[in-house]
Amino acid sequence: MSASILPLVLENVSYASNGQPIISSVSLSIDAEPSTIILGANGAGKSVLMRLMHGLLAPTGGRVCWSEPDSASLRRRQAMVFQRPVMLRRSALANVLYALSVAGVPAAEREAQALAALDEVGLAHLAQRPARVLSGGEQQRLALARAWALHPEVLFLDEPTANLDPGAAREIETVIKAFDAAGTKIVMATHNLGQARRLGDEVIYLQAGRVMERAPIEQFFARPATAEAAAFMKGELPWV
Amino acid sequence: MGLIRIALIALAFAATAQAQDRFITVASTTSTEQSGLFRYLLPIFEKKTGIQVRVVAVGTGQALDIGRRGDADVVLVHAKPLEEKFMAEGQGVKRHDVMYNDFVLIGPKGDPAHVAGMKDVAAAFRKIAEAKAPFVSRGDRSGTHFAELEIWRLAGIGIERGKGLWYRDTGQGMGPALNTAAAMNAYILSDRGTWLSFKNHGDLGIVVQGDRRLYNQYGVMLVNPQKHPHVKAKLGQAFVDWLISPDGQDAIASYRINGEQLFFPNAGN
Amino acid sequence: MGAIAEGLRRVLELDRELWHIVVLSLEVSFSAVLIATALGLPLGALLAVKRFAGRRTVIVLLNALMGLPPVVVGLLIYLLLSRAGPLGELGLLFTPGAMIIAQSVLVLPIIAALARQALEDAWREYEEQLRSLGVRELEAAFTLIWDARFSLVTAVLAGLGRAAAEVGAVMIVGGNIDGVTRVMTTAIALETSKGDLPLALGLGFVLIAIVLAVNAAAQLIKEAAQRRYG
């Protein structure tokens, strides 16, 4: 078992696009243990921060450092599930097989691993169905299966249930909890407070591209330390 | 670039593999092809010798250019001054007369210039110019075009300077030019063969014929293998020899459209 | 109307000769499209996916080349393949091979440019996910081509339409030799210039019918496959 790629350390990371600052001077360390929720309103910069961490965007200032140097192996030990799942024009099973093939898994082992992943998320009966005709919730579960098949160390999730109805959202949350229980580090962006509470151990509260607060989940909800966080929660749950 | 070379060579092999081994390329004129002569003549030659003759039919000027570039083995055209120039450049081995046909002056049934039935084609041209009756020229450096220009010269008309709206320089082959003349009800000089096989006579008919100056001499030349080493000299010469042989000359004479003979063999004159 | 009926009747009389012309037309155009697709799809895909200095210039150039006049391409290929030219050794002038080359050159920019457009749109959708999975640019290009195959069919059909319809290039490099390099378009040009307009019309309708049939078949296949794969 090779060494962990965590902790992930962000040193004074900034990101600007067309001269507009989106992330400003974020320094933090992501460790293996707690499930991390990145909380914030729409436009706070959650998605950009996730992409900076996952390596899809390069910071315009500062550094993003994993415990391992940048390489293909680093890429393989993390996976990301997007708000809108992107599936290839092939069967559900073939989509998972594709990810395994890209990751260099030997051909003989791919099918078994892919089927196991589909089984984990309850999609085994839809293995041969064209992925693009699946429902939104099913496609998102497929995205999770695709990520699961690679056994990543870190799983990034960018508002994975924002486009789903409550029933489908619950199914996704169940799978994420299973990932968590199996030892995968979860980093999830959401603006849904209830979901944050159900899935997270710690909260990083983001506003206008800055980290306002970071605390264990219950502490954050009971006594938000900053006025901004309190206002956010009031906005989300006006009856609190 | 190397990959492209390989692909092209593969294509070349494919192309030649499906092609016959024994064939020659003859550059000739559109009027000769469109008269249907080759369709009639070439199968006779092919049956006798097993040599396929591939005719690229373009204007005389272009046919001679094809010969100069070495892209044909034999050239068969009808513009003696240009052929002699070709020979003087050393591009051909030997020039042989093969056959002649004649040009005819075509005109509208209305005959605005009153030239129908005249025996002197130069005089007829003069009358057309005076009447400023519409006249369509091929203008494409073809044998027919040069013949037309020669008649204007004999008529004393400076067609370059004297050009008016009545003279339509179309830059087209014989067929398209005849189409244009039919549409415009204009006079036009044409070779008899194309006229006879042309299907769109419209309101036009032959108005002047038989003048000796309307005779159109065809010459054949083998492209010089010393200048172009890849020319199929033996096969090409076989074709030339057959054309001027009694067999070939008889075949030429026996070609008819609606019972009329089009080409008159005169090799060895 | 009468001219069309007359034309079709004359066309049917042509039998073997017409058959030969049609088969050669299909051989030449399909071969050219095959070559242009094999080269043009990867080219379009790489242009869609890779970022490099001068990319915009290449795209503008490629789009402009879609409008290459066939007769100009014919002339350039003629000068290349002529015995007096650099590739004269190959002896390709006045053969179907030359016609295939000329049409490939003509059709390549069309397929590449249209493919680039379709694949750039697809890349916008797939880029993040594929990069997240660790797919490298070359691999991504081929994945995109396969995934966007239905919209790429349109690009290929556009190329085929151009090849089947053009006369300028094949006339110059092929020479319209009876029985050897005569295709539908050059035959139509010849019959028109001979004044045999009904026959030219008839041939024209055969050509249109064939192109229509190919497009209809492609559309049916596309729809059936889309129903299956979503």
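A, B and C label the chains in the order they appear, each numbered from 1.
Simple rule for what comes next: contacts are C-beta pairs under 8 Å (C-beta built on N, C-alpha and C of every residue); 3 or more make two chains touch, one makes a residue touch a chain.
Keep in mind that this is a model prediction, so the values were computed, not measured.
Contact with both chain A and chain B is made by C.
Comparing chain pairs B-C and A-C, the larger number of C-beta contacts belongs to B-C. Inter-chain centre distance (chain A to chain B, centres taken as mean C-alpha positions): 79 Å.
Note on chain placement: the centre of chain B and the centre of chain C lie 34 Å apart, centres being C-alpha means. If you average the CA atoms of chain A and of chain C, the two centres end up 46 Å from each other. Note for the complex: chain B touches chain C at residues 8-9, 11-12, 14-16, 18-19, 25, 30, 33-34, 38-39, 54-58, 68-71, 172-176, 178-179, 182, 194, 197-200, 228, 230.
Chain C contributes residues 82-85, 87-88, 90-98, 100-101, 175-178, 180, 190, 192-197 to its touches with chain B in the complex. Of all residues in chain A, those touching chain C in their complex are 51, 54, 56, 72, 75-76, 79-80, 82, 86, 88-90, 98-99, 102-103, 130-133. Considering their complex, residues 125-126, 128-129, 131-135, 139, 143, 146-147, 149, 228-230 of chain C touch chain A.
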